[in-house]
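Listed next: structures, encoded as structure tokens.
There are two complexes below, and they share subunit A, which is joined by subunit B in the first and by subunit C in the second.
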Partner chain A sequence: MSLSQRQLALLLIAPGFALVAALFLYPLCFSLVSAFTGPEGGFSLQAFAKAWELYSGDVVFTVVIVVASCLLTALLAIVIAGTLTLGENRYIVGTLRALYRWPLFIPFIVAAQCMRTFLAKNGLMNNSFVAMGLMEPLQAVSFLDWRGIIATFVWKQMPFVALLLAGALAALDRATLEAGRNLGASRLRVLVELALPQVMPQLLVALVLSFVTMLSVLSVPMMVAGSQPTMLTVDMAFRINAYGDYATANALGVITYLISAGAAIIYLKRGMAKEGTP
Partner chain B sequence: MTSYAMTRVASGIRMLLAAFALAAFAFFLIGPLLNLVLWSVAERWYTPYKLPVTFGTRYWEQVFRPTGDAMASLATSVWIAVLTVIVALALSIPAGYALARLKLPVRSLFMILFLLPQAFPSVAIYINVARVFYQIGINGTVFAVVLVHAAHGLVYSVWIAAAAFAAVDKDLELAARNIGASPLKTFTSVTLPLAAPGIVASGIFVFLESLDEFTGTFFVGVPQVTTLPLLLYNAAQGGNYQVASITALILLVPSVLFMLFIERFLRADVLAKVGS
Partner chain C sequence: MRILTLACSLAALIVASPLSAQTLNVASAGDQNMVDYVKDYLAPMFEKSHPGVKVVSVGTGPGDAGSQKIYEKLDAQKSAGAADFDVVVIHQKGAGLMVKEGLLAKYTGNVETSKLVSSATATNSLGADVGGFVIPMFQSQTALAYNADMLKAPPATYTELKDWAKKNPKQFGYNGIKGGMSGVSFVAGWVYAFGGDANKLIQGPYDAAEKTKWDAAFAELKDFNKSVVITPGNAGTLDMLNRGEIAIGPVWVDMFYSWQADGKLPPNMKLKLTAPGMPGQPMYYAVPEKSAQKKLAEEFIALATSPQVQADGIVKKFNWYPGIDAKHLEGKLDKAAWDKLFTDITPAELSQNGKPFPIAPYFNDILEGYEKKVAN
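What follows is the complex of A and B.
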């Protein structure tokens, strides 16, 4: 018996496909079905009504945190990647290059533990400010709330976005950038008007990936900011662990899919608008 | 002042501002890690003291005691990560070869399919996986955790394996076939060894992802399987900052090493083919 190349290819990919189907596609369908099924069976939006009633504040909280974190990450990554590409002082560029990648592969849970101590009322950050005389001890406040979550997300995702962006900037045609400089444009202007528009696709991919990652992280909101309001990931875990309430948890899950789909649509729309222009 | 001197002063001020911004950046980047190190060697630390009251290695001894929780968790974590790499590579080497070299129907659909688990918020997926695993009675086993980690790591291993196979020069395979090697012999003695660096890199990636994974283990492994991230979480929620910080430092070692050496593992010609 001999196999055609197509049959062999399908045979080789089948085991990997089976694992993804069993541990991703099936649970995904299951979560959709569960979210839209009422207590007596049949189609129902009851779970969504309950989820919205209990957690509408957390939906807004989650969206605000993730969007703010992405914007801050983008800003910081642009400054870093821009300095690495266009910087003229080799000491500053060298130091920055050696520094910025450190959090790249640090697990979120380790980042959360770091920030939990660093941003606390008596953490190293406030203590350092007091020691430098920038702040009175009584003025110290804890940042372990929405600000702490944003700080942890930005700290963790900034190297990833900056790395991709710096790679894309380094691949650009240097001559155009040099021409801009020679015509008298400042480095900031060269970065914003010449370089960035050319690497927008890479920046957006990195940001969409970061967006979904932030929506998936459970440890950071659980460890950095304790009580209400919190992010949807924590609410889902709570619904399951405290009540075994799969319907509401899955309805919240579908809401997180919709939020990430929103980010993906913005990205795709931009891509299509780009292709549409002559 | 001459205009030359003014320019010098202006550039001096800019230098100073840049240096200040860099110092602030370094503080926010390294500060959290430094705080972690401080907590790991603090035997007593309370307000209003800015630095630990007593330094010592008592908690390190506690963590590294052979019978301690941490050593058991480390062993569990490494064992799970090794099994995850074996499962992921066993699935992704054939899949990667099929994607890179064979005529596969709906190829791009398969590529996207392996990416999907990374493109969806994962908590909602994991709670349903845990429910299924609970029904078939494998929740709380190492096997269940390995399956979840492998599915999560498959995107890296499949995509990088496909890129590594695509980067192998086809002429070398043809030459082997011309001198009479069978397709299987060609694969094992030409294609696979040439793709090996990329596949090793993907294995390291999967190993690290498994070692660091928290969310999936939290739903599928609890309470029987305690990996290092879960130990860290339990210690932190229990208020034991020293043990949490030491566990975090143990998890940091492989992450930082990988960050420093990633370019040696992943060659540019393989990277350029990722996702193509």
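What follows is the complex of A and C.
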């Protein structure tokens, strides 16, 4: 008995598919069902009403934090990747290349713990400024709020985006970039007008992945900032730990899916548009 | 042949003898330090006074989830001959549930030291009547920690604190309700102070209309929050106190002393238990109904709640408040250890202002009321 090509293909993807079904599809459906189930069973939007009543502010807060972090991450990653590709000072490029990837290897929870003492009012950063005479002790403010969350996210995600972007930039045809330089364009102009448009898809992929990652982090908002307002992950954990209320937690989960679906749509549209053109 | 028989029976005897010795199984819900407390401190002491007995200590995990595991195990063994555990160390919520389901034995009458207990939590566990079924192992308590250099006379009541915070903006810090129990405890204390009848919240019965009386208290708390710092977590409050960023904030007393002993808090920090009171919670010793060794279990608990063990183990080693009335510890502790635990908060203040948490339904109402009316 021999298997046809088609059967063989199905057999080969079966383990992968089973894994996706068991570890992703099943919990996803389960949480969807739970989010739309009322306390007495049956379909109900009660969990969503509660989620919206109590946490609408946190939904906005979460979106603002994650979008702002993505924009800042993109900006810094472009600066770093641009310097690595177009930089002419060997020492700066060498140092940057050696340093910029480090945060990639540090888990979010460790980064959050470091930021807790670094960004505090009398923390390492402010104390250093005071010691250098750049700031009066009375001017010190605590960054352990939304700014701290953004700083931690950007610090952690920037090397990832820069890594993908630098790779894409390095793969570009140098001739076009050098042609631009020969015709008298500044390096900044070459980066913005020649190089970046060619690597936009890669930048976008990196940002979408960062967006979804940041949306799912619990430790950073929990450890870096106080809880009012806070991100949706903290609210979900609180609903479960304090009340054992899985329905509302799952409703918040569904809202999070929708937010990340927004990012996924941008990503897919981009991919389809690209496939559509010859 | 005879020699062989002799050898065989001798071998059997050697193999069998450890089995014939008694084993006392102690299951603790809670952090690793509680399991260690039983294993490294209580067990050797008990084994010494009871030759042939072996104490086995297991942990079931921190928080209410740990008690839940003990409950599930005992519940599953309800119809079996004997339970796996002889002594259980459980939280308040779990204790109420296990008593209701008839999983625990009424044993405190057989244990002499139960007469030394004065705390109301020995009979009332978040609204459930657990009298006779439990003896508190220790009491942990929240209080306001403050920097004595920045603050000479700390606010003695919640009302004074409210005015003080207004005059000294951003000098009071707490962690809200999502960042750990010290903040939750502060909020519960706020409702005790400004929300009407605290005793009703502690003793029940539950009345769903009660929460409508808290609106003014929550409005004031919202206003209060504008002039305070929301810290990131229980440890976040202690961190900020340590760095001098805030002058006062609610903390767990045992955490406070442990941090101070480790040098993570300056020695000029002190504690104040503000009136009308802040909540704390006990851990309980209980004996499962199906335990095969009730007598031994009772003797174990009698040792664990004896004044000397409470003084040396609970107070001196782990910075918890004793489960039995603190006045029975006087003279058992060296002066330094006594002073450390009771200088800032006297035993009288502790028994007056150390409150239990509200019963479970009020507790949830307070949290949700806070989310709706304060944090939103």
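Here is the rule we go by: the second predicted complex is superposed on the first by the 249 of 278 C-alpha atoms of A that agree within 3 Å, B and C clash if a C-alpha of one lies under 4 Å from a C-alpha of the other, contacts with A are read in each partner's own complex, and residues count from 1 in each chain.
In the analysis below, a contact is a pair of C-beta atoms (placed from the backbone, for glycine too) under 8 Å apart; a residue touches a chain by one contact, two chains touch by 3 or more.
The structure displayed is predicted, hence computed values, not measured ones.
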Partner chain(s) touched by A:Leu268 [first = subunit B, second = subunit C, both, neither]: neither
Contacts of A:Leu144 with subunit B and subunit C, given as first, second, both or neither: second
Superposed model, subunit A: greater residue contact from subunit B or subunit C: B
Contacts of A:Ala171 with subunit B and subunit C, given as first, second, both or neither: neither
Touching partner for A:Glu53 - first (subunit B), second (subunit C), both, neither: second
First (subunit B), second (subunit C), both or neither touched by A:Gly123: both
Touching partner for A:Phe238 - first (subunit B), second (subunit C), both, neither: second
Subunit B versus subunit C as contact partner of A:Gln228, first or second or both or neither: second
Touched partner set for A:Val20, first subunit B, second subunit C, both or neither: first
Footprint overlap on subunit A, comparing subunit B with subunit C: 116-117, 122-123, 222-223, 237
Subunit B - residues contacting subunit A, complex: 15, 18-19, 22, 25-36, 38-39, 47-48, 50, 90-92, 94-95, 97-99, 102-105, 110, 113-114, 116-132, 147-148, 150-151, 154, 158, 208, 212, 214-215, 218-219, 229, 232-233, 236-237, 241, 244-245, 248, 251-252, 255-256, 258-259
List of subunit A residues in touch with subunit B within their complex: 5-6, 8-10, 12-13, 15-17, 19-20, 22-24, 26-28, 30-31, 34, 89, 92, 95-96, 99-118, 122-125, 127-128, 130-131, 137, 155, 209, 212, 215-219, 222-223, 232-233, 236-237, 240, 246, 249-250, 252-254, 256-257, 259-260, 264
Interfacial residue positions of subunit A with respect to subunit C in the complex: 53-54, 57, 116-117, 120-123, 142, 144, 222-230, 234-235, 237-238, 242-243
Subunit A partner contacts - residues on subunit C that touch it in the complex: 175-179, 225, 229-233, 236, 239-240, 243-245, 364, 367-368, 371-372, 375-376
